[in-house]
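Per-chain residue numbering starts at 1, and chain names A, B, C, D and E are given in the order in which the chains are listed.
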Amino acid sequence: MSGGMILVVFALILWAAGWALNARLAHGPVSQTRAAQIAVPVIFGLTLIAMWELIVRGLAVPGVILPAPSAIAATFVAQAGTLWEDFVQTFVKGALSGFVIGCLAAFAFAILADRTEFLRRGILPVGNFMAALPIVGTAPILVMWFGFDWHSKAAVVVVMVFFPMLVNTVAGLADTSAMQRDLMRTYGAGYFQTLVKLRLPAAMPFIFNGLKISTTLALIGAIVAEFFGSPIRGVGFRISTSVGQLALDMVWAEIVVAALAGTLFYGAVAALEKRVTFWHPSHRH
Amino acid sequence: QDMDEVTLQLKWVTQAQFAGYYVAEEQGFYEEENLDVEIKPGGPDIAPEQVIAGGGADVIVTWMAAALAARERGVPLVNIAQPFATGGLQLTCLKETGVETPEDFPGRTLGVWFFGNEYPFYAWMAQLGVGTDGADEDGVTVLKQAFNVDPLLQGQADCISTMTYNEYGQVLDAGYTADDLVNFNYLEEGVGMLEDGLYVLEEDLEDPEFSDKMVRFVRASMKGWKWAEENPEEAAQIVVDNDMTGAQTLEHQTYMMGEVAKLTAGSDGALDPEDYQQTVDTLLSAISEENPAITEEPGEGAWTHDITDQALN
Amino acid sequence: MSNTAPLAAQGAGVGRSGRVALWARGFSRGLAPVLTVVAAILALWYLACIPMNAPQSVLTASRADIAVDPESPSDRRGMSGTALALRNPGVALSYAYVQDRPKLPAPHQVSVELWNSTAVLAPTSPRSLIYHAWVTLSATALGFAIGTGLGILLAVGIVHSRVMDMSVMPWAIISQTIPIIAIAPMIIVVLYSVGIQGLIPKAVISAYLSFFPVIVGMVKGLRSPDSMQLDLLRTYGAKKSEMFWKLRLPSSMPYLFASLKIGFAASLVGAIVGELPTGASAGLGARLLAGSYYGQTIQIWSALFAAAILAALSVGLIGALERVLLRRMGMQQ
Amino acid sequence: MTAQPVIRAKDLNLTFQTNDGPVHALKDVDLDVSKGEFVSFIGPSGCGKTTFLRCVAGLETPTGGSLTVDGMTPDEARKARAYGYVFQAAGLYPWRTIGGNIRLPLEIMGYSSSEKARRVKETLELVDLAGFEKKYPWQLSGGMQQRASIARALSFDAPILLMDEPFGALDEIVRDRLNEELLKLWDRTQKTMLFVTHSIPEAVYLSTKIVVMSPRPGRISDVIDSPLPKERPLDIRDSREFIEVAHRVREGLRAGMEVA
Amino acid sequence: MTAQPVIRAKDLNLTFQTNDGPVHALKDVDLDVSKGEFVSFIGPSGCGKTTFLRCVAGLETPTGGSLTVDGMTPDEARKARAYGYVFQAAGLYPWRTIGGNIRLPLEIMGYSSSEKARRVKETLELVDLAGFEKKYPWQLSGGMQQRASIARALSFDAPILLMDEPFGALDEIVRDRLNEELLKLWDRTQKTMLFVTHSIPEAVYLSTKIVVMSPRPGRISDVIDSPLPKERPLDIRDSREFIEVAHRVREGLRAGMEVA
């Protein structure tokens, strides 16, 4: 057996070992602890990365096709400054601002649409139609309209998160049981009171669903938009430029940045969700 | 009898820039050489160097700067033919913005193509001593220009990159006349770099069978180019027929064919070593963070006349 | 424990007095509001065309030797479209809807282009949008099938295996934070190099985007039975498989369909994104790109609308399937 | 006690359309309830008790006949905050604590902070849930949830109290105590009470008027005015009048069952 | 009747951890139930009746003490399909008709088609829901849903029947009838019954053993063996023994309340 094949076999053994370890952690007495809940996915990820390293080396995959994790890590450290600059440009300026504007606008719009039956009936189908629209396609148009800097990226993000948020919020506002609504009616509660005391709390699981979907969309939108014109910084810019320069290690370092940012963003929203919708059955068991 | 298969990866979408290959295919020049050629169109995010490294193509069309950069990064590309004798890359500025000479650049916003096409631009800026981080008065703001000429038309940039055979025509189409525009041709500015050439992997060339295939391929392709130069209208029609997106217009492709013919006119397919050396020197004169194309002489083997010598006999 | 105590959904039957009334009300309840909203959007759209296209209108007019204000092009450069339109109302209006490459094409321009590129041409012509829609749809459908199958399988695994729940779910989330467009060209190149091309690379990207909504929805759906419903089966000593078929699966149906709809839209995005880098092959994504490359805004918009119509039709189909199935299951009143 | 009628149902009909044909939930229901009366509804399950209460509260629209509350339509009365309603199931909001659930109507009706706190405390004590104010609904047993929902309806001053089997999930002792408390409250506040129960003794003990209903179609088969005095110690249940009334109710129920 | 014990609880404890401190739902519960016994549990709401039944069924894991069912752990017994369970709320599956809901356990336990059909029909008649087989749960009134859930538990042959206030939402007449039917069924099948109720007469009428519980912490305060004969016509409720037992239960409940 060649040296390369040995590495590949070793990778498979590592996989089995990692899985076995996780199985013990997950079913063992420690499974409920926080440490185990973090350790299991981390071990899973580490085995995947180790396998990647071994297989890339074992099969001698060219670095311009798929670089090894070790090379990516080295670039990540060496280029930390550039990566940070790209992160600020794409995530903070583009994605985050677009996310906030888009979600707030959708929320306000949902409340407005919800106010009158007529509007809701009109807007929901149109909103659903637009939500199914492959919004990435609007990126070239929005870049044309809003220029190449972060404003157009934010605009793409706004458009991308708007409809999922709108549809979720409207659906959430309607998700109350007959009895819960009847109770409010017996109190002679007004529209606003019913909204604040019943429908908004009841809508929270849906709203957070929309927010969570939007976090991943926001990042994708901001990056995609950079492919259609950008200043010379930003995650999307760097990725496309580095692919052209065959600097695949840099490409993957940027992907790591995006994944880290996205995961933290998602995690933050999920943590908030847990605090706000603690009462929902899916958070209780 | 079985024909030899060849896969060609283009640098960009189907257009008259690659007319020679489509003509050779349609006119049966490849078939005459007993070749079955598959032409794969490229696109904005397809790096031909990466495709060939992954084994997805036998031969690619790319620019020399990108090929040399790939070579330094471990993809040993060899230039086997150079159908484009000169280059069509230029920087096009609007006179009304007040840019007439390179001295007017500082403080301006310039549109540049990246994805391996940025090397000539950075070499030029290095030569002019103009900063590219846009921070100070003496520098320029660089914007990554996408696929079209919008930044110029919409006033987001003072100058943009164009190819003589394509984007420049689009600017003219948009209603500007040649008098409204100033063109800086990279070749004339002394930072020209060789454009579309044919490249293969070094180790493939060691295989005599493969070499032989390439000889026939280059011969047929050059025949196609010459045919295209002589019959620009028919060539444009062939290109349009091969466009699967249905987006190309005959009018624009005819224009493009006319301009491209000017670039291929001086070439019989053989690489001029002086042009090669100029490209290398320019690249080496401007090594920087932004411009990491190559850091040392590519050395022997970055190009060869073996194929063209045999093909032209 | 029993905060979900059952109460017949009272009042559901109120006012359903005959089909005639239903039909009569159908218009005001269904079509009229949608039409109103659409009309409002169209009106806004037409209005927006004027300032959006004003700079080009004014340029065209000045070339045709019509007096415009301000006269010098360099003075005009810094001005907004609205300002230009206000200073040249006549010019802005008369050229707003007739440009070849407008910044914002008017609805009728898009419809005409849509009509010309669908009804007039043979569906097999590369200039026909039907042809491109078909190319995209086939990649979407394949990717959607793969993604949905994978998503359901993983969800079943996650619900039944703690190891999978704890290890796969976080990584499924992380996988979605990777910008797909960044790796799409690489996926295509890598698959190229092992000899796979055409439909499958696009389908792989589609599947990558669509498995996530399905996994999330299905995990939620399979976990949606409340503790009493689960306890009931546990008292029967039901096996895990019986729990799945008799309880988890039926109660996950509404969630499944909701995520199928999102998943399909995601698949379509995936197929289009997969078509972008290979700008010269067929498909709606290639159309979008080619349009963008040549500044053909009308073509971009019509490709976009073709994609939206495709999505709406497919999602509508899934919705119809949902209604039929849920009604047969008695879950819809 | 027999003042002007507050609730006036005339020829009330309600038919539900279901997938297999219409269900006649209420048929030709005629009933007058005067201000301050305590009316119990009793009848086999499915006879339309809940449906009738819902009509009174304006939650269901009758398909025939007329129904007025204090001269207004049920809807207007509802908007005038005439009702306290205890549903057949507890229906607490899961995102609010027990205290928060009881506070809900007080918030809506704009009571002052101190008044809110006072009333929450008072009604929690009334239903024996002091100390559970900060718990969430799912942390309580079924009976405790039901008591919380009673507290919620009692916390504010609605002139009409509609209670749909409020004590169904409670044990006899607590039930007896709550029955007594309810009578006291009624005496003190002069509310008009509509009360659904399945327990004959409970109906007789509490009511000034007992409405016996029978199913398919749901209609009133008997209306019994109670001869019992207003003052009712628990041992009144051993008195002759009590047993007689109970007997008549039981007979009414039997008869209704046989016809159906 | 006093054969070997089927259910054996020794020093059983169960504590729930909640947001504001632990709740001691069961404390030091000792109880033996013999095969074929009919045991009723009575006690104020929140005293742990439901929790105890859930422990027996293996749905809740005690935090202390031991509990065996037929010598097995509750979990093993559950897998051996020893239980029929009627929950405090009906808990019908909304996507199945009433008939489909009753068929559910039969499907799981692999009864033959004809047997399934026969049993569904039989139990529907038993609970007076013949003709509602094809209706969906939300088309039924609260009491009808509860009856359907009783039918579901009775349709198959589990040796141990756990019923958590099954008749809470039913009217007296139907309740009486179902009480009689339940006794007949018990007599015929020799099942072991654990039955939670809030009605003292019901507990006394049905049981061979009455367990009185008291809350905070939930524990057993009295266990009363019934002296009543196995044959029990409805009017046994007027007998002296009956009234005496009822009295003892009531006293037990009172005492438990005062201590708490």
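Everything that follows uses one rule, which is that contacts are C-beta pairs under 8 Å (C-beta built on N, C-alpha and C of every residue); 3 or more make two chains touch, one makes a residue touch a chain.
This structure is a prediction, so every number in the text was calculated from the model and none was measured.
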Problem - Between chain A and chain E, the fewest steps along chains that touch one another - result: 2
Practice task
May I ask which two chains are joined by the most contacting C-beta pairs?
Solution key: A-C
Handout entry: Chain whose mean Cα position lies farthest from chain E
Key = B
Handout entry: Chain whose mean Cα position lies farthest from chain D
Key = B
Problem - Whole-Å gap separating chain A and chain B, where each centre is the average of the chain's CA atoms - result: 38
Problem - Centre-of-Cα separation between chain E and chain C, whole angstrom - result: 52
Exercise for the section: Could you tell me the distance, in whole angstrom, between the mean C-alpha positions of chain B and chain E? Expected result: 84
Problem - Separation of chain A from chain C, taking each centre as the mean of its C-alpha atoms, in whole Å - result: 18
Practice task
Scan chain E for residues touching two or more other chains and write them down.
Solution key: 50, 88-89, 136, 139-142
Practice task
Any chance you could list the residues of chain A touching two or more other chains?
Solution key: 65, 140, 144, 177, 179, 182, 227-228, 240, 243
Completion exercise
Shared-interface residues of chain B (touching two or more other chains) are 44-45, 47, 50, 54, 146-147, 150, 154
Problem - Residue numbers on chain B that touch chain A, as the complex places them - result: 44-45, 47, 49-50, 53-54, 66, 69-70, 73-75, 114-118, 132, 141-147, 150-151, 154, 156, 290, 292-293
Handout entry: Contact set on chain D toward chain E in their complex
Key = 18-20, 23, 42-46, 50, 88-89, 134-136, 139-144, 146-147, 165, 168-175, 198-200, 250, 253-254, 257
Fill in the blank from the handout: Residue set of chain B touching chain C in the complex reads 10, 12-14, 41-47, 50-51, 54-56, 96-98, 146-150, 153-155, 170, 174-175, 243-248, 252
Exercise for the section: Enumerate the contact residues on chain E facing chain C in the complex. Expected result: 50, 54, 57-59, 78-85, 87-97, 104-105, 107-109, 136-142, 145, 162
Exercise for the section: Over in the complex, which chain A residues touch chain B? Could you list them? Expected result: 62-65, 140, 143-144, 147-148, 226-232, 237, 240-241, 243-247
